[in-house]
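Below: the structure, in structure tokens.
A, B, C and D are the chain letters, set down in written order, and residue numbers restart from 1 in every chain.
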């Protein structure tokens, strides 16, 4: 085993990314779609599934000893932060929120900065869906 | 959490699939490509990376509470079995071989059968590479 | 370029798999989640996203010149057939149904058989969701 | 179909990302691993496979109407630029180089800037492999 995979920070980040991937992905199907309503709002569900996908890709970059993983980790931290905040506004999403926050923190450490760093509501990206909710995960 | 995700056999299979995915994927880059020679033989490396990819997809099917996962598990068991046998012929691939065997066993249990079930050499698929080695992972 | 990638049947199958992947995936987000109701029923949506995922993985196996692609193509044909039939029961899903049928046909050709081969309703897999619809994509 | 998927720039970017994904992925297996030597150097091969993976994820973000795709496109443009430059130093990699350059250009347009924007050699990331080549894709 060579390079970045020997780094403990990277090892924990891979763990956290894969945990966040499986939590977001499975909760999207098992909880959000079952509950419907705000839990299945397209902007929120898209955010959860894309967060899962990006976590998996970020883990894969580290697993393949890429040297381009730091910027991907920085972006992954941002998306996980947005997903955590979106989940925080819904009931029963504590596990997903926690997984996202842990992954965001690990990714920030690998990326080389450790800011407190979650979005405020105003910084959440807009959904871009015409006639839909203005921001990812915001219904009201 | 609903459906198959509450099943302990499925839970362990997801764990084993994700462990096999990360082991195969990272060893392909960190060990096989570094060593070169038989370890980087295209048929073998393709098998390792495809095995990793299929394990990840199989886990994803279970995580999304698909009802189509049993057949995918059966196929994943087969590919993991082939990868384990291919790794067994190379030095230093014990971790990958073990991850593949464990994943194959878990997948067989989810698929509903528990055969001893690894390929014999004669059953290993041909590489299909013109002028290349006749079978996946066989050099000599 | 070597091996299976020179085969025209394989080339078309890769095209059809990637087209089916992007059609299923994008319609799931842009159409199904927006419409809600039967279109966003968990069993159906899970089927569409898993179908997309399997098509992408099947294409990837062929792109990496795997010799294990034929069985994956056979399974992909089955899942695409189930997705096509599930889509046929909903309004406005013609593009997804067509992509699934085309992909199923290409996959069957690569897998070495050309059966008519879509599921009948009775053969659709159960959703496995407690209290949910009995079968993938069936609401009533 | 709603939101960003109606944007022609996004549509072309999805096409270019998926084309770059399949070109990088298939050439890695069919050409690079077969040729060996500098073509199969771990840093270069890792870059090609990670580039493929990131292109696929970037396309997926756009397909799922994510509002977080612009930053991913900016990063994808950067990785594609690095891969194009790494390929330019090897014989017979013109198709991969061209796919990477086209994808980088489309990604920059979606990300909102159209800089000339490929790396110079000095900006290529180091491989991080102990005793290996100093930079991604540089052998000598």
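Criterion: a contact is a pair of C-beta atoms (placed from the backbone, for glycine too) under 8 Å apart; a residue touches a chain by one contact, two chains touch by 3 or more.
If you're wondering where the values come from, they're calculated on a predicted model, not measured in any experiment.
> Chain C and chain A are one sequence twice: same or different residues at the contact, by the over-half rule?
same
> How far, in degrees, do you have to turn chain B to put its CA atoms on top of chain C, rounded to the nearest 5?
180
> On a C-alpha centroid basis, what's the spacing between chain B and chain C, in Å?
Those two chain centres are 23 Å apart.
> Can you give the whole-Å distance between the Cα centres of chain C and chain D?
27
> If a residue has to touch 2 or more other chains to count, which residues of chain A qualify?
2-3, 29, 34, 42, 46, 49, 60, 64-65, 129, 132
> Which chain D residues qualify as touching chain B in the complex?
Those residues of chain D that touch chain B are 29, 33-34, 36, 40, 42, 45-46, 49, 129, 132.
> Along chain B, where are the residues that touch chain A in the complex?
Contacts found on chain B: 1-3, 5, 14, 18, 22, 25-26, 28-31, 34, 56, 59-60, 63-65.
> Using the touch rule from the top, collect the residues of chain A that touch chain D in their complex.
2-4, 42-43, 46-47, 49-50, 53-54, 57, 60-61, 64-68, 71-72, 75, 78-79, 82, 125-130, 132, 136
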